[in-house]
Each structure stands twice: as C-alpha cells, then as structure tokens.
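Please read through the structure below; I'll follow up with questions.
Chain naming follows the written order as A, B, C and D, and within any one chain the residues start at number 1.
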Amino acid sequence: MSALPANETRFLAGADALAREIPDGACIGLPPDYSPVAMAVVRALVRRGAKDLKLLGVPVLGLCADILIGAGCVREVETSAVTLGEAGLAQRFTAAAESGAVKIIDATCPMIHTGLQATEKGVPFLPLRGVLGSDLVKNHPDWKTIDNPYTTGDPILLAKAIVPDVALFHARWADEAGNVWVGRRGELATIAHASQACYVSFEELKRGDMLEDELLAPGCISSVYVTAVAPAPRGAWPLGVPGAYGIDDAHLQLYARLAKTAAGFQQYLDEFVLQPVSA
Amino acid sequence: MSALPANETRFLAGADALAREIPDGACIGLPPDYSPVAMAVVRALVRRGAKDLKLLGVPVLGLCADILIGAGCVREVETSAVTLGEAGLAQRFTAAAESGAVKIIDATCPMIHTGLQATEKGVPFLPLRGVLGSDLVKNHPDWKTIDNPYTTGDPILLAKAIVPDVALFHARWADEAGNVWVGRRGELATIAHASQACYVSFEELKRGDMLEDELLAPGCISSVYVTAVAPAPRGAWPLGVPGAYGIDDAHLQLYARLAKTAAGFQQYLDEFVLQPVSA
Amino acid sequence: MSCAKEELLAGCIARLIGDARHVAVGAASPIPAMAVFLLREMNRGRPRVSLLQKRSGNPFTEGSRELFDQAGQGRIDVFFLGGAQIDGEANINLVRAEGKRFPGSFGSAYMYFAAKKTILFREEHSLRVLVKKVEFVSAPGWSPPEVERHGGPVALLTGKALFLWQKERRRFQLQSVHPGSSAEDVRANTGFSYDAPALVPRTPEPTADELVLLRGSVARVIGENYPEFARRVWGALAGVGPA
Amino acid sequence: MSCAKEELLAGCIARLIGDARHVAVGAASPIPAMAVFLLREMNRGRPRVSLLQKRSGNPFTEGSRELFDQAGQGRIDVFFLGGAQIDGEANINLVRAEGKRFPGSFGSAYMYFAAKKTILFREEHSLRVLVKKVEFVSAPGWSPPEVERHGGPVALLTGKALFLWQKERRRFQLQSVHPGSSAEDVRANTGFSYDAPALVPRTPEPTADELVLLRGSVARVIGENYPEFARRVWGALAGVGPA
C-alpha cells in the first residue's frame, strides 16, 4: 500500500497494470453496478490470480463481486447486498455464502457510507439513526450502541471508521493532471477519500486540468486522492457509464444463466475473462 | 418556515420577493464571500428592515454579514470568522462585537460543517478530532467532549446538529424544474440539506431539467431542497460567481473605507443598498 | 381479471401512497415504480419520485448516500421494502432462511425507521415467505419507545392480499383479497396470525382510465429503467408498452 | 536589503516547507502562497499547493469542507496560521485582545492538530502580538498526551525573526534574525521567554535566482489571487509583476 498523501497520479498502461498494483489480501472498496465499476480491472485481477481479497460493497455489490468470488479471489465480503439487479441473484456469491467458502459481514447501506464518512472526516466513528433492533447489529464486529451524550435514554448506533486499502472504480474521464471525472456518482468520491490507495480505470483522456473548468470540476475527484489511472475504453462493460454507454442487459442475462453452476461459470470465465476481451 | 419536505420549488419575481419570505428572527445559513452570496437578497433584507436575524457563517462570513449587522438586522452571529479578505476587517461586525450590540458565538470552520453534516445525516451530533484545549470549547453552548466509546482515555469533541431555519445563497443557474447549479461550492449543498427552507437567487434560467444532463447534474442542488428561487442577474455583486464574473475588488475597498464609521456606512447604505441597484 | 397481476398490484400501491409529497423507490422495485408513475400521471406530476437506480437523469447528485441522507432529513414520505421472510410483527428478513442465502439487507434497517411510511411488498404469498417469526431480522417492524423512529410499516401487499398494519396492536389486519384468491386461501398460506373482518372485501382493480395510463406513458418510463420487467408484463399485450 | 520584506519572508517560509508533498494555504495568506509557488518553480511543480481561496480553478471540488476533510485524512503536510496574539507556548488567539475584536478563529483550532506541520506567521513583531499568555486560546500550541494530535507548530516567523518550536521543551528557540533587526531588538519586542544561542545568525535573503522567480512567474500567480497585495509588493518595482 502506498502511504498517504497521494500526490502525483501515476499513469499506467492499462487494466492489467492496474490489477498488478492491487496486492493479494487487500480490502477493496467497490461501487454498485449502477455506478461505473472497473470491470476490465476486475477481469485482470482474475487473470492474475488475485487471492484473499476482502470486498467492501459501497453500499452494495453486483457482477464484479460475483465474478471475483466465483474465481476464488475472495476471502471476505462486507456489503449491504450482492445482486445482479434485474438479472437476478448473484449465484456465485450465494453458493459461496451458503457453503461458507467466503466470510460474509452483513451491513446496511447507510452504515457503510457512514463508516467511510468517518474516515473521510478523520474521526474514529460516526453515529446513525435507525438500525437498532436489526440482527445486523448483533452480528457486526464494528458497530456499537451508545446513549446519545446530549440527552438520556436515547440509544444510537455508531459505525466505526472503515479504511479500505484500495478504492477501485471506473471513470468517464481522466485528465493530464490525474483528476478523474465521475459525475454524480458521489459514492466513488467517498471511497476514494477514505481509502489508502485509489486506482481508477478511465474511458477517455481529457487534455489539461479539469479542475480549471467550472463545469467539469464538480464531478471530479481531485488527483490528491488518485494513486494511479489507466485507460480502459469500455472498461465498465458489461455494466454502463452514465452518458457514455448503458448496461448490456443481454450479457448480464447470459452471465446469470451461466453462473448458476460452477461449470457454467467456468465457461463464462474461459470465454469472457481469461482471454483479454476487447468488447 | 415551510415544513419539510420541500417539493415544488416556487419561482418568485426577484430579490425583494425572496427577502419577504425570510421572517424576522430567522437563523440564516450563509456562505463565505468566495462562494456565491445572494447579495441582492441581502440588500433587499436591509430594505425591508429585517430584524433579529441570526447569521450562521458556513464556515465564515464577509460582506453580507457586515452589511446586515451594520444595518441593525442582526441579533446574533455564529461563525468561524467575519472578514472582508484582502479588503481588511469587517468593521461593522467589529464595532458590534466590541460594543456587545450583537451576540457572537465563536466557532471553528470544520465544527460548523460538522454540525450541519449531522443535520444532513439526521443524527443529533457528529464527532470531530482536534479543537480540544481551545477556549472555543469552553464558550460554545452546543459542543460536548466525550470519551471515544471504542477505546478509553481518548477524549473527542462532538458538534450538536445545527438546523438553520433558512439557507440563502446565489446560484449560477436555476432550471425550470427548480434545481440550482452551484458547481464546486459544496458548502451551499450542505446548508441547503440542513436547513428547513432554502432560498436561492440565480443568475440565469436554464431550460429543462439539469438533473437530466450528466455534465450539469454533479454541480446541482436538487429541487427537493429548494423552497423558492428568484432571478437576480449579477445578484452576487460586488462578490463574484465563478465562471461568470469576479469579485469587484475596487468596490470592496470602497465599502471597507466607508464602513470604518457609522456615518460612512450609512452613506454606503444610502447609495448602494436602500436604492435598488442595477449593478 | 381484465388486467395483469402487476397492474392490479400497482393500482393498489397507488392508493396506499395517496397524497404523499415524495416517494423513493429502491433497488429492483418495478411494481412500486409503476404505482408512483401512475399517480404522477393522474395528479399532474405529484408525488415527486426518486428512483434510486434511474439509469439516466438519476435524482441524486451526490451518489447513493443522498437517498439515506434525505430520509434522515425527513424528506422521504414513502418507501418500499420486501423480504425473503416477513413475519406477523412486520419484521423483515433479507439475509438468510432455511439454509438459503439471499442478497442482503440493502438499506432496509435504516429506511424502515427514517421514511415516514413503508409499504411492505412481496408478490409470493406462501407459508415460506409469511412466517411466524423471521430467522434473521434485517429490519424490525416496531421499536421500543426509547428508540427514535420516525416511521414504520403501514401495509403489507402480496400477490393474494392487502394487509394494513395496526401500530398500536402490532398486528396486521387483512384489508382485502385480490381476485383469484379468498380469505380462506390467504389464511392457509399465511404463517402468522392476523386480524380479519368477518367479510373480507375484494381488492379493487385499476379503472379503465388507470389501465390506459399504465399501458401507455407508465409502461414507457418503466421500460427505460426495468427493461426485462416491462417486456414480461407488457410484451404480451399487443400494441402497448415499449418496443 | 536588496529585496522586499515580503520576499525575504517568502524565501524563509520556502526553506521551512522543505520537501513537503502537499501544502495548503488558508485565508488571506499571500506571503505563504508566494513561498509555495516559489518552491514549485524551483522543484518542477512540487509541492502540491491547495489555495483555499483560489478564485478560479479552486482545488476543492466539494466546497470548503474538503480542506478540513483532507487534513483529517492526513493529506495535508504543511499549513499556516497567524494570530492577533501568539504566546510562548505557541497558543494563538484570533478572537479578542485588549478589548479589541478580531475576525475569528477560522479553522485554526482544527488545522493546528490535523496538518502535519504548522508554520506560525505574523509580520508584526511587537509586545502587543507576542505575549506571555494569549487572552483567548483559538488553538493550543500543544496538547496533553491523551489528546489525539497529528501535528503542531514547527516554527514562528515574524517581520523580525525566525523561531523554531521545541516540542519537548514547549518553548521557542530563536533561530535567526532578519536584516534590519538584532537579537536585542527581538528580545525587547517579544513578550514571552524563549531560548536563543549566544550568537544569533542572520536570516538569509533569497538568492538572485529566487528573486527572479519571485518577481516573475510567482508575482503573476499571486496577482491573480491576491491582487491588492501584489500591487503593493511589486507595484513599486518597475517592470516586474502583474500589470
């Protein structure tokens, strides 16, 4: 892991180079399927045989988690859910959870955001209303109920600060200064701010410095947070990038059908993952 | 005050109409001089003879606070600082603070952000590192030191949730759906999220719905939060709007010179505030 | 029935929402989304709807945290939750049951407290789903008085029936039974006890006007965000819905 | 002196910053800003600088909260603070003194803990400013061991001298005296006690190369963000700086 603060974003050759930067055993913060996922890097992680990863869903996971779990790269998952959305259950996740092959820490969406916001603010915990009485509280190792110090008899839950080793996601643009543009996908900024290192694949390179552009800046994550970037055109495929291309629903259906069995999943890997794909 | 949730942004005629919506006694969250300030509305508040306002600086205040204080509209100020920046001291603030005419609650920037973030998250408090040992802690009515519940012997400060009655600021654009675009000035979003009502003057109207535009959406505050908007071309003058016009430094110097005395300030009011200005 | 089951359910949800100001729709909830868009067609654009997974023009400009923040601020009037299991105390389980793993709790443990009203919705109405006691509480149906809670369940809608939640009694009351089912059928397929009137009304179907809207403008917007669902529901109805 | 006082001070601050990776500059701090831009000219763009009030191309895309968040994340190496009063324990007062009201504490009470190094900077060197004990502690110079603190003062630079902070002794040590002053002058105008060597070195002036940069590219970028200041410093130097 690189030490904070990141200062000069490195430019790498592509998804495989990014995947080599992410060590075995790393805790990786990942966005949901509707926020650009660095799928090309996920496939590269499978190709390089990554091991013992811990996946953190911010706040839920989808295709990328199912593939990494199915390929045996994952030791542990903390998330609020793993789902393929309309394509149905994430079958490799389901199988691994039911067999105990992967340890699952169940959370609820805003508690994950809250734990990352704690790290973003440099505090050891943040409180959140609700959740009390859920069995999630009993089972989660890092949550704690206290009495609201401003009154009495008012229990409130705390999320301990979550510090992922790595933030990994895909961006519409990177620029020459190392800034990346993710638009309204604020969860990507939260992951980047809270993580020790941040790796971003990008669709296209923009000349200059997007922070100098008042229209682009609000959707940017500053290069302060970005460890390294690499080009990966259509790098979110079969998921989408808002404003660029949509989710390949037919491919997700195909995946969901194949991933029902270990053999089908292996067939998917052979065809779409283990061979570098130019889709 | 309108009840949450705001749902349909109302379109008002101009700055004076917005100022009439803000009742005497309201706690108004205001941005710093380098973030678009609704100066035209501030002048309209003076014209309508607003009284007993409480100003909350997010996180500091400048010209708008000095004018409102000098004009006798203000009962109380909570802020991390009041300054005219390069133009020097905010003289009406200084005079009112020294005479005791206005109650001052001194804060420090991130504690104000933190208190507003608590309201944004719907929690009664949020913690922040640092600050301990500052006399600010002794004097602030809403801050509390507790022991970090995750360990022992680790004191940490809490900010109580701050709930302004009104958020007031200026935006580059509003659109027909009632969304407003403020670009990278995230403190404006924080104020809007935390306040019971949100009034925004805007430079120009955009057709359609900016949330449908992936490039504009990241700099938008959704109409969910916006109670009413009104056009005010050059409405931040003599302050600036990034990407539209800069700070009128010469006018700030003029203001600073006049505001050194009560008589000079009155002359400024007569010339630039009490007559509606078309600058 | 002269309408699809999904249309009946959407009409029912629309009536439950009533005159709310802001309705949020979470992951994979096409039928609640149909209901809200139907209301908007009928009520000149009200209520406001925020679709968490809207593929273009997503209502949240700060990412997925903003839905929860809005709920915490009291800005969400109505939300929807389902469950792999739902019990008679309105507890929901989205995690595991009978050795099976489900996707997970999503934001349920928070939204069930923060949204002013939650409509529980699960099409499958069976002893497997509607149980005496959930195996895992993703989100509790009620909270003891010392726990701050701004909202909770108002109703449970299934493929067979509509129950209303009685907050004081902490029990469901059977409100109506859908065409094709009966009070006896509901009783036989519900694992928890509930109150019921001697004569159980039949759930009203959407009106002809509502059906026109559902199959026209509502189908189009649903098709953009839930393409598979829209194909399934309206694909069979020649000449309506998205291409 | 062959240079302006502001140039001497900026050169001094540049040496104090050294090889930091990320320097943040807060409100109304044109001389620290000069120092950082000078370093960047000499070191091919390092350190990164974040000017809180940069008028165009502001480095923070999430508004003014982001500076404090970055500091909390450990991403800010060097920050600058001043004081209406500064005392011998490095406490600073930005609020009130001798019946006078000052602008306020800004982010000092936080940044003094969170930035790895803080350089205290105040041009006025007088018994009024450098006091035995501040009347109001905006931000404390040191903290008891149980208080988590990631950084603190490293130096105090005034218009007369440079002091280094001795963390273990909780006292300043006089490091050098600027041209035009003397050890005796400093002693006579400092209200707190401090350590000093028998022979106090003179603060080195910027080199000729540094002056060229200060009056050229540095003056241009300072002029964009601190126009009044730039006019005052470089306006008198014919042919250099912004128009």
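To be clear about the criterion, a residue touches a chain if its C-beta (ideal position, glycine included) is under 8 Å from a C-beta of that chain, and two chains touch if they have at least 3 such contacts.
Keep in mind that this is a model prediction, so the values were computed, not measured.
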Listed pair (A-C, B-D or B-C) duplicating the A-D contact set, over half by residue number: B-C
B-D or B-C - the one linked by more C-beta pairs in contact: B-D
Inter-centroid spacing, chain B versus chain A (mean Cα positions, whole Å): 36
Approximate Å spacing (C-alpha centroids) for the pair chain B, chain C: 40
Centre distance in Å when chain C and chain D are each reduced to the mean of their C-alpha atoms: 59
Chain centre separation (chain B, chain D; CA means) in Å: 28
Touching two or more other chains - residue numbers and ranges from chain C: 56, 58, 60-62, 72, 114
Chain A residues counted as touching two or more neighbouring chains: 121-123, 128-129, 154, 156, 184, 189, 214, 217-219, 242-243
Complex contacts: residues of chain B adjacent to chain D: 32, 34-35, 58-60, 79-83, 85-87, 89-90, 93-94, 97-98, 104, 106-111, 113, 117, 128-136, 153-156, 184-190, 240, 242-243, 246-247, 249, 253
Partner chain A, residues of chain C touching it in the complex: 27-28, 53, 55-56, 58, 60-66, 68, 72, 94-96, 99-101, 103-114, 136-140, 143-144, 146-149, 226-229
Residue ranges of chain B touching chain C (in the complex, touch as defined): 4-8, 119-123, 189, 193-194, 209, 211-212, 214, 217-222, 224-225
Complex contacts: residues of chain C adjacent to chain B: 21-22, 46-48, 50, 56-62, 69-77, 114
Chain A-touching residues of chain B, taken from the complex the two chains share: 114, 121-129, 144, 146, 148-151, 154, 156, 158, 160, 183-184, 214-219, 242-243
